[in-house]
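Note that subunit A is present in both complexes that follow, paired respectively with subunit B and with subunit C.
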Partner chain A sequence: MNVIAGARDLVTRHLRESGIFFAFALIVILFSVLNPNFLSPGNLTNIILQYSYILILAIGMLMIIVAGHIDLSVGSVVALTGAVSAVVVIRMGMPWYMGVIAALVVGLLVGMWQGFWVAYVGIPGFIVSLAGMLLFRGMTYLVLDNVSLSPFGGTYYQVANGFSNGLLGGEGFDVFTVLIFAIAVVGYAVSQWRSRQGKIAYRQSVESIPMFALKIVLVGAVVMWFGYQLAQSRGLPLVLIILAVLIIVYTLVTQKSVFGRHIYAVGGNRHAAELSGVKVRRINFWIFVNMGFLASVAGVVYSSRMNAAQPAAGNMFELDAIAACFIGGASTTGGVGRVGGAMIGGLIMAVMSNGMQLMGVPQSIQQVVKGLVLLLAVAFDIWNKRRAAAAR
Partner chain B sequence: MSTILEMRSITKEFPGVKALAGVDLEVTEREIHAICGENGAGKSTLMKVLSGVYPHGTYTGDIVFEDETMDFGSINDSEDRGIVIIHQELALVPYLSVAENIFLGNETRNRFGMIDWDSANHRAAELLARVGLHENPTTPVAQLGVGKQQLIEIAKALSKKVKLLILDEPTAALNDTDSAHLLGLLRNLRDEGITCIIISHKLNEIADIADRTTIIRDGQTIETIDMADPSSTQDRIIRGMVGRDLENRYPDRTPDIGDEVLRVEDWHVDHPTQAGRNIITGASFHVRAGEVVGIAGLMGAGRTELAMSIFGRSYGRNIRGRIFKNGKQIQVRDVAEAIGHHLAYATEDRKQYGLNLLADIRHNVSSAGLGKLSPGGWINGNEELKVAEEYRASLNIKTPNVLANVGKLSGGNQQKVVLSKWLYTDPDVLILDEPTRGIDVGAKYEIYTIINKMVAAGKAVIVISSELPELMGISDRVYTLAFGRITGEVPVAEATQERLMELMTLERDQPLPTKETNS
Partner chain C sequence: MTLPTDGTRRRSPLLALREVSKSFGAVEALVGIDLEVHAHEVVALVGDNGAGKSTLAKIVAGVLSPDAGQVELAGNPVTISSPAAANELGIASVFQDLAVCENLDVTANVFLGQEVRNRLGMLDDGSMEVETRRLLERLTVRIPSVRTPLRNLSAGQRQAVAIARTLIGEPRIVVLDEPTAALSVAQTGEVLTHIERLRELGLGVILISHNLNDVRAVADRIEVMRHGRNNGSFAASASHESILAAITGAA
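Take a look at the complex of A and B:
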């Protein structure tokens, strides 16, 4: 098989997954044509800083949605955890890490609370989290006494606004950033190579060496270009490191671990999962605890980014996170979806918001466009499924 | 008698697949016409063409109904002409009443555009009387059993002035009494002038009721036979369906029975929600290595409930009794423990309880034995693929690829995936609940062969089935279950359908026959 035929085969076989990549690439190209500043180093850095917390929420939300639930409370949990952290750091004057710990503990408690009602009492996640949305928003107001707390300042502020920059110097760009990206690309290439070797050892068919090399080079080029752009701006955002670690860990957990597989089994067919020895309640409990944890991480990142805790923080975040999952190919009935897809879905939302802001599109139109994109993405997904079913 | 329906060289293609390749069907007025064929032969596709589910233009060929060429654009068009199809999966709304269901989509309105419920309920009662169902039309459908729901579907069809009634596997989910009632009703309807097309896998049922039978194989009509003709035997139908002689419907096996593997003593189970209602009462049975034990019982006897309550208390509450594995008493408190004790239970309802239809074959095969693939909680994906491939080959799952979705497989192949899943857990005891339900003749034979391989490997197999010939064909010993009690234990050599049926219908207050054999 020559390279082009191989590439075409790869694309058609994975249209469902690749469709969303193409859409993303198309949107990026569109905005970069419409506005030359769009791909500038400064703006790329901004996109990451502005939307990292949505992506963090989308990771947890994806697992909830795959299991067949929904969580409407995450926006309120972001606010509550940020508020608790602000009280600890600003009002009580404790060090920054105490604020982070307090936020994470609150997030875990919130997750356990919701997980208990969903898993052990059997109330649908929609209801539990609708209640939670009110509950935790109200608690945020209580904790903050209805006023904003600011500024965090210091190290806490650096979590979402800091950069690792200048560690190794460089003329006009940060060598350290480029080095980190280079290590990431090498790590990617090595893990892909090992996976390929593993497949060969099991006598599975693998893509040809040129195809394999092309894939690595393409991915590597895009990543390195992105790294180079960041290096020209302010360097490597700390929050990008947090995000990258979370994405890698949760991709592994969902795709490679027994726990992750059980989430898909529960979402795909709860009864069959139960009769296959899956402890369904335990799975449901832990994915909500996990959601609470990730919501608190997002809460820390968001309060740090704002350098303040506000009573109305995180409003509507849940909808962005849910939209990211569905644009990224998750099924509304559960059982289907990937962390990678949700990340692309979240980036599509991020890129569109940012691109339209750069062009000065009014907020009202932005909302209309985002709503339409969500609708069309899911419509495309359904159309694609029907096409696949008809091809049988 | 005149021809009411003629379908001429119907061809229907899906991308890449020719589902129907020139089928001819000719149905005479006032007859019961059976259509036989293996799963995937094209029966359901043909009926969807006829009823307008696949609209005119998506197929080639002609449909002539009452001497007019039809071009149905939708199911409403065919219903307007009096062609009504009742699907295998009943299309009733559980929380609506009987009358509401009967007139759903077809409501009669008074001059204010509102539904006149008094007249609707009255007309529903008339229709119910016609189908021999004595229920209040205001009863919610969910409170009625499957057999009665089937009758409501027919009443619904009658309300639409049906001339040609199509039934897809109408008795698949019914017990013998309900089946007999339904078949009797079809005869009455025929005598009243309604023509019926019935799709069924149950050949004795077809022999019993059909006037003529059309056999379809690979999207083509093989032949139409007159059932009054003495040469129209079940063997002839099977030959037509599978395209070869099926010498023996049950593969031979020489029993090689070893030690007792599982013994259940004095097993009691109560209903999960209705307090105090006993579902299983004092059941005791055992099974030995290399033995196939059948459990015969009518629907509602508690067969599935017995199996599921043993399998990690998956059914019922207040479960009492003792389970012994290899002579030692064991605790089986949840499914994980059951799997740990090397028990396996393949459910009667593959789609609802057996498979994750969204996942591929590979993930379904590994779903119960995932621990074996996952040292430290991380799945070895390559090993998983290898395992799935091995079962695909050894159980002959017909698919180009184990990465294909399970939802797209035929019933027989889905069942093989379920069996693969349980075989991968290394079970000593397999409980197979209706292992051949909804599976065509050829695949049934394959499933029996797989069961034989299991026992040859020293496993103990318990088969629950409502088909007595099947139980007698594959078991070594048969227990009968009636109203939650084990009413008898019969070595297969002494078993006759009459004898088993007698034991299966023993009521709760009747004394058990004295046990004459204890093998």
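Take a look at the complex of A and C:
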């Protein structure tokens, strides 16, 4: 198989996934042409800081959507966990990590609450989380006494606003940041190579060596360029480290663990999964607990970024997280979707919002555009499914 | 697994149901049913709609538990409390239309609920794929790739995957509920071949079907059910008419 045929094969086989990737690349190119500042180091850093919490939420949401549920309460949970953290840190004067722990505990409790109703009582996630949306929003107001609490300051503030910079020096750019990205690229190349060797060992088909090399070089170049841009600005955002760790861990959980496999099975055919010995209720319970946990992480990041806890924080976050999953290839009927796809979907939303903001597009138009993109993405998914069904 | 040959077959059957009853509210689905299945044997359960065939299959598969009566496995009384418990006892089932996850690939379906883990506790996809290919070869199933999602396979191939998955974990009993109901003639022929392979592998097979031709083609013994009761036991060579009479109660 030569390089071109290999590339064509790769594209047609993964039309849904590669389609989203090309769409992302196109949007980035479009905005960089329209606005020279779009790809500036400062703006790239901003995009990460502004949308990290949506991406964190999208990870948990993806697992819920794959299992065939939906969670409308995450925005309220972000607000509630941030509020609890603020009470602990600001009002009670406890150290920053006590605030983080309190937020995570509340997030886990919220997740267990919702997981219980969905998994063991059998109420649809849509209803449980709709109730949760009101419930946890109300509790946020109660916890905060209807007023904002600020500022966190200190270490807590650094979670979402801190950078690692100057650790190893560097002229005009942070060597440490570049080094971390270089390690990431090498790690990516090694893991890809090992999985390729593994496939060969098990007599599976693999892409040709030139194709493989091209993929590694392309990904490596984009990642290194991105890292260098960050290094020229304020260095490595701490929140990017949190996000990277979460993405790696959850990609492994969803693709390589038995738990992850069972989430897909439950979403694909609940009865078949049950008859095969999959503990469906336990899966449903834990994905909601997990969502509560990730919502509390997002709550910490968001309150840290705002340097305050506000009663109305996190409004509509659930919709951004859900949109990220569907734009990123998750199926509305469950069973299909990847963490990586949801991240690209979230980045598409992020890049579009940021790009339109830079161009001074009014908020109203931004909403219209984002709504249309979501609609088209799902329409493309359905068209693609029909095409596949017709080809069978 | 040691395979007892016909001459040395053990006295106690592989699976025996004794006086099993099951009611749903006022409806008596099963009334004092007896059933025996031996190794190297395909036992067909036939009967009209509502005769209790699927209820019986679900009891054996651990989906339902009987109200009364006893289930014995190789002579020992057992309680099959869940599908997972049935798997552990060596009972595997294929249910009509419910058997597979279309979004998962062949390997994932075959190993669903019984995944192989590596040293790190993660999925060992490589060895599962090798084992899947081996199982499909044993059943003489032809599928382009074990990494094809099930939604891209034909109905017959999906049923073959569903049957292949019963072979995971060295089962002794396989329950097939209407495995040919949705299939074309050619696909039905292939599935019947797979069932014969299961018998050659030394398993006891319970085959539930509406189609008397299919049943007579592969079964060693035909058990007729009517209104939740045993209504006659026939050799595969019995005439179509006599079996039909037992099914409809005309006799």
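As a working rule, the second predicted complex is superposed on the first by the 392 of 392 C-alpha atoms of A that agree within 3 Å, B and C clash if a C-alpha of one lies under 4 Å from a C-alpha of the other, contacts with A are read in each partner's own complex, and residues count from 1 in each chain.
In the analysis below, a contact is a pair of C-beta atoms (placed from the backbone, for glycine too) under 8 Å apart; a residue touches a chain by one contact, two chains touch by 3 or more.
All values reported here derive from a predicted model rather than from experimental measurement.
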Practice item. State whether subunit B and subunit C clash or fit side by side on subunit A once the two structures are superposed. Key: clash
Review point. Out of 222-230, 474-482 or 510-518, where does subunit B run into subunit C after the fit?
Key: 474-482
Revision key, fill the gap. Both partners, subunit B and subunit C, contact subunit A at residues 198-199, 201-202, 204, 256-258, 261-262, 264-265, 267-269, 271-279, 331, 335-336, 392
Revision key, fill the gap. Given the complex, residues on subunit A that touch subunit B span 198-199, 201-202, 204, 256-259, 261-262, 264-265, 267-269, 271-279, 331, 335-336, 390-392
**Study point:** Residues of subunit A touching subunit C in the complex
**Key:** 198-199, 201-202, 204-205, 252, 256-258, 261-262, 264-265, 267-269, 271-279, 331, 335-336, 388-389, 392
Study note, to complete from the structure: Counting only contacts in the complex, subunit B reaches subunit A at residues 14-17, 311-312, 314, 334-336, 338-339, 345, 347, 352-359, 363, 367-368, 370-371, 374, 377-379, 381-383, 385-386, 408, 421
Check your understanding: Across the complex, what residues on subunit C touch subunit A?
Key -> 61, 63, 82-84, 87, 93, 95, 98-104, 108, 112-115, 117, 121-123, 125-127, 129-130, 145, 147, 151-152, 154, 165
